[in-house]
Amino acid sequence: MTDSNLGRPPAQKPFRRILLTGAAGNLGRQLRGALAAWADVVRVTDIAPLGEVAAHEEASIVDLADEAAVHALLEGVDAVVHLGGISVEAPFEDLLEANIRGLYNLYSAAQKQGVRRIVYASSNHAVGFHPTTSVVDIDAPLRPDSLYGVTKCFGESLSRYYFDRFGLETVCLRIGSSFEQPKNPRMLVTYLSFRDFIELVRCSLFTNRVGHAIVYGVSDNRTKWVDNTKAAFLGFRPQDSSVEFEHLFPVTAPTAELDDPTQRFQGGAFVLAGPMEPRR
Amino acid sequence: MTDSNLGRPPAQKPFRRILLTGAAGNLGRQLRGALAAWADVVRVTDIAPLGEVAAHEEASIVDLADEAAVHALLEGVDAVVHLGGISVEAPFEDLLEANIRGLYNLYSAAQKQGVRRIVYASSNHAVGFHPTTSVVDIDAPLRPDSLYGVTKCFGESLSRYYFDRFGLETVCLRIGSSFEQPKNPRMLVTYLSFRDFIELVRCSLFTNRVGHAIVYGVSDNRTKWVDNTKAAFLGFRPQDSSVEFEHLFPVTAPTAELDDPTQRFQGGAFVLAGPMEPRR
Amino acid sequence: MTDSNLGRPPAQKPFRRILLTGAAGNLGRQLRGALAAWADVVRVTDIAPLGEVAAHEEASIVDLADEAAVHALLEGVDAVVHLGGISVEAPFEDLLEANIRGLYNLYSAAQKQGVRRIVYASSNHAVGFHPTTSVVDIDAPLRPDSLYGVTKCFGESLSRYYFDRFGLETVCLRIGSSFEQPKNPRMLVTYLSFRDFIELVRCSLFTNRVGHAIVYGVSDNRTKWVDNTKAAFLGFRPQDSSVEFEHLFPVTAPTAELDDPTQRFQGGAFVLAGPMEPRR
Amino acid sequence: MTDSNLGRPPAQKPFRRILLTGAAGNLGRQLRGALAAWADVVRVTDIAPLGEVAAHEEASIVDLADEAAVHALLEGVDAVVHLGGISVEAPFEDLLEANIRGLYNLYSAAQKQGVRRIVYASSNHAVGFHPTTSVVDIDAPLRPDSLYGVTKCFGESLSRYYFDRFGLETVCLRIGSSFEQPKNPRMLVTYLSFRDFIELVRCSLFTNRVGHAIVYGVSDNRTKWVDNTKAAFLGFRPQDSSVEFEHLFPVTAPTAELDDPTQRFQGGAFVLAGPMEPRR
Amino acid sequence: MTDSNLGRPPAQKPFRRILLTGAAGNLGRQLRGALAAWADVVRVTDIAPLGEVAAHEEASIVDLADEAAVHALLEGVDAVVHLGGISVEAPFEDLLEANIRGLYNLYSAAQKQGVRRIVYASSNHAVGFHPTTSVVDIDAPLRPDSLYGVTKCFGESLSRYYFDRFGLETVCLRIGSSFEQPKNPRMLVTYLSFRDFIELVRCSLFTNRVGHAIVYGVSDNRTKWVDNTKAAFLGFRPQDSSVEFEHLFPVTAPTAELDDPTQRFQGGAFVLAGPMEPRR
Amino acid sequence: MTDSNLGRPPAQKPFRRILLTGAAGNLGRQLRGALAAWADVVRVTDIAPLGEVAAHEEASIVDLADEAAVHALLEGVDAVVHLGGISVEAPFEDLLEANIRGLYNLYSAAQKQGVRRIVYASSNHAVGFHPTTSVVDIDAPLRPDSLYGVTKCFGESLSRYYFDRFGLETVCLRIGSSFEQPKNPRMLVTYLSFRDFIELVRCSLFTNRVGHAIVYGVSDNRTKWVDNTKAAFLGFRPQDSSVEFEHLFPVTAPTAELDDPTQRFQGGAFVLAGPMEPRR
């Protein structure tokens, strides 16, 4: 990583340098291009290969659990979009390193480097044990549906602390299912189009003040399990809907399995996925 | 009624057999055709003549207060849309037979026959004594505006019990005013188009899990007295509005009758309609 | 029943005539004596024998399902304490007659006779399907735990209607377990001493205005499942507690039966008691 | 002012005579024309010159602090749209005369003259000390951001009293920023188009019953700090949005001034504007 | 008024100088002695004669509407207990001078003089139009029952503004009926013993931080219309109760006047007392 | 550790074997004796020396971060009282091992061993960034005041997951300040007497069902920042109060430091204690 840009003239774009973690992942790849319009320099990082690096980009392979590397990574950064870490159920030891130790490293470094804002990829799995027969707003009690979800709750608490303690702002995005298209009927409810995902990040970066905010990342789907009314100060108004994909999942009578937890709870299959055995 | 279909091969449509009560009524007639697309067999019933019976239909005249007949009626049924009973203010004795005894018979039989879900025509008259200067959500305290409304409260309680006790799911539709068009200014607020009514039933039948749900049945009218936010898991998004009928009721200054209960309360004329004397 | 007192001089006691239904029952026998201090005439009624009739009493055997008899019963009455009807799970047909038809008869007659207030024995079984790991206040959603509980919900709705429609006031007492002493560990939570029961009726009769009120009838027991904060305008402050009976139930480790509904829900054994088969 | 219209035949328009105060101001000039369609006579008043007076208008220059003049002003009036008084921060003495004494004069006269409804221009500055990282509904606690805002709270309390005491209805419009176009980034959030403002007044005048209502006056802007859900009974559905003006304010990174009150609170610059020294 | 104490050595008592307004009134006379223990100097003021002045006291007759006099009055003051102004319904002009202009003068001067805290005698009449069949907490919507009550709402808004704007803390005491003993049955509910009143002021002065707080001033009476749960951070635990005075008001049946506003609303006779004609 | 008791006859005490972690700490030493009455075997553990081991005790030194040791520790255990881990602000690395990895080990092992219930020492520092001018109930949003507090939030989320996923019950005790006596004025609010602490554990162990419960551990102090109303199903009724210690902290005027975070927030000095540098 080079800091050759650190002494250059005033920025022409709104942000001077945005850090994108998890840049090689599913959502990171979507966002990487969009960031070019918002920052003079886009610093991208991941533990996986990052592909071709554009002129406005700085790329580095960093393990978030590596404290020193993370502190170096945050130098000269205005804002962070943190998509890094593990985003599925995994053995606790792995989650501990990536999503707990890694997140602490990120916040500790961000605070020391004077970063003003972090957009944090939390997840609807932080509240996935709420029933599918309810609608949760952003104040709903935490109900993680997996050890992964527990680490997302940790991230929301840790970022809350850094805001209350140091004024470091965070928007926690409780992202649903952001893929090209829904892969099963449940994702008709949790679908977040790539376009709406990018818009959500844009709102999170550019809203003048966000404090410590929580917002659900879902498109304007027909069926809703979540309610963003209290997050309306972020200005997120999704433009897409999973309605166009409903034909992929032919209409059926409701399942009769009243006790099937993957149907009873918003988290779907996650509620049964863990805890996973360590890989040793 | 014949059960000749009971042994046939797996259904081609989502439901094998749906029972529609009140099939000869105002809303029953609207829904009857739509059900054909959703069930192999549509069993229709009423105490009034049912007209021509289609090939996919089974028709029978049944008094809901007749316990044995109702138990027979529920045989082989997957799901019920219950529009039967009395839907206006009436002498208590009549309401008792149709809406209380009749409803118990229906639920008792449905539970014994293994029915999984009932869509129950409740009414906004279960909450009609809320003022017209308020907006009620689905958790608002019950405020029946008539003995009819009291029986709808009974139905919501009874169906709640059958869900908590046996897992028999119900969606209680608090239907407003579902006619070709609004008949008076109040109905501009309570109007539910036939198309939106059918869509509401569709959502109620096909949402994977509904538990015991309550939802207001109104179109997307300009003025709202009700708020379905917490029922968004049903996916009901009305497409129609009473705006197109506003020209029927020329603009006037507000009435000066501050104490007129039919203007003060959401139930309108129902709040003064009862109790009615028995017909003897 | 005689109405020989109807033309007599102004009352010396607060009430001229109070009607007590269910006077031969468990709680009726407790209350009957106390009423003497509050009304010149205490009209007592039941379907069971009423024992010796005091000078200030009027006694009559009346089936609440007998409309004409109930209308006669209400003549000249200022206020009613309605303990009559069935207070346990029973076949629906029996509940229908006693708790639904009978209650309608009572309210219909009371309204016609100009009665100002009814103290109605509702029950905690109207909300018995709330979990034992929660505390319900008087606005909690109805969750009847039995057909009996459903009829108590009916009574709360019917009395609400008579208040909103006619101004006839009711206090709904959601009585817990009012016996000499708790009979099992659950009753340590739901215990209402006879003394506190009488005080609760006193508050309900003498508070200047009650509108349509709901209040839980429990003593100041150590463990609480209910919260009367919003009913504090009634002035009910229990003096007794089940603490003195805790020694009757030796301390044990919690039961391991996580799925035992009688332990999971506040209604206890009621949640499994019904529906009962008719006695035919 | 002439009352030559007082004895004329029944009105052809919904209202016979509407009084518009503050008719010479920014919003008064917008509304003045629209009122012609709704009332036979539009009585316009201000302390500033009122320009040309149309045939259907009655014009008079009145200081609201002049009790006798205000009582004369209200004669023969059906309804009032009260935009008069001071609408920015000002020395307390000035606010006292215009917004406190003046408002009392208006309500006192309106009640004596039998006026049925007042549409009162309150302000979002009654709640301007709520943070920009929150969304306030119409029940949110009052948080005035200026002495001006305090007088608007006074107006909401005074009008509540006149409703509870005399049934005189008021709709309090918490108007945001109603200009041709937003003048700064904050106004992208608080913008109310002139068209939506007129529609809001129309809803406030014509809804059959309003009781004492509070509603936020903002267009359907992308970012929202307010929530009108509970005021949906007024039927106000804004048609415009500040989105079309977003290009006027180029995108920038969020300001770093975490302690800048004009960014932290919804009231913007108002939160620092006062108290102002008297003009002596 | 002398400021001869301004240069003296560090205080021996917690406060150096407390200002007590309304010192000659009913409650002022009760509190005046108690303040001696808490402040080196007690500055007492009223528009009525103040009686004998103790060695630790500074006395002055000041009209709160006299801006210059009020600014002088606040010099050198640490904290204020503001009982001054009018505490009953009165002509608006009088309330305007004493409770609006006077209160503004007090806060304006206090802010300029660096006063840290004001204990403000608000009133339950700020919420007196809530029904007697409800229990209001400290967040309940304002419902003033009189013009007097409206001025108390003004005081709560004004003091909120001074806290949000300048950090000047206020505890608003919504005092019930504080007399030697209750004078009517309503006061059994609103009674605040003198001892509890003094304790309430003590808590308000000595709690480390109060922000802008609202608390009901009632003793631990049997019947409650108010709920201080959310103000428990003030540590106010009343020791007295009106129970000892219940014998003064013999038990009677509830009044039959359902529409009597003085029985329907918590404000009692205040709800009909105004608006009063000016005295001219 | 020996499991020689595993095959013995049915327990004479309510629990067969309770595990107490943190047994050598401040609270562990208080509780250790009390447990003898409730369990045949009390297994005590800590990383510090455990002193004399009684006949009914099994003692072992275990580092909670040692997975295998923790799994062995949980064998044959009915219930756990988990006081172990770090209970003050500390470097993140230490907290990670003791309070995050250690807690996961505990829950993972408990679930595998079939433990039914864990009493978990959470802390009021999980909500310590709520202001001292508020009262928080058990549903209040998490506001950790330190990295230590963040780990307590983690524990509450993790235990919630184990309950929703496996039915393993937990009571989270948000313990205030439990020492012989309060050490500073703040602890007058947060004080939990040793006797009340033991009673709180007793309630948590013996309440028949607790689900996943949260309860504040404070005595019945005069000033309250917390509200246990919704946890009343646990039956915890504190008997002690810090009132007896108020004389230790002479009355003073409130501090003038409006911006002092240790006075503004419930967490006191914790809010400034972290993050601490690692000890390397």
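Observations
Note that the chains take the letters A, B, C, D, E and F in the order they are written out, and that residue 1 is the start of every chain.
By our rule, a residue touches a chain if its C-beta (ideal position, glycine included) is under 8 Å from a C-beta of that chain, and two chains touch if they have at least 3 such contacts.
Predicted model, so just to flag it, every value in this text is computed and none were measured.
Common neighbours of subunit A and subunit B, listed by label, are D. Counting only chains that touch, the fewest steps needed to get from subunit A to subunit F is 1.
Same interface as A-B, judged by over half of the contact pairs sharing residue numbers, among the pairs A-F, A-D or B-C: A-D. At the interface between subunit D and subunit E, over half of the residue numbers appear on both sides, which makes the contact a same-residue one.
With centres set at the average Cα position, the gap from subunit C to subunit F is 42 Å. Centre-to-centre spacing of subunit A and subunit C amounts to 54 Å, using the average Cα coordinate of each chain.
Inter-chain centre distance (subunit B to subunit F, centres taken as mean C-alpha positions): 51 Å. Shared interface positions of subunit E, defined as residues touching 2 or more other chains, are 229. The list of touching chain pairs reads A-B, A-D, A-F, B-C, B-D, C-E, C-F, D-E, E-F.
Those residues of subunit F whose C-beta lies close enough to touch subunit A in the complex are 92, 96, 100-101, 104, 108, 129, 139, 141-147, 149-150, 153-154, 156-158, 160-161, 164-165, 271, 274-275.
Residues 131-135, 185, 222-225, 227, 229, 251-256, 258, 263-264 of subunit A touch subunit B in their complex.
For subunit C in complex with subunit E, the touching residues are 14-15, 38, 78-79, 116-117, 167, 169, 205-211, 213, 229-235, 237.
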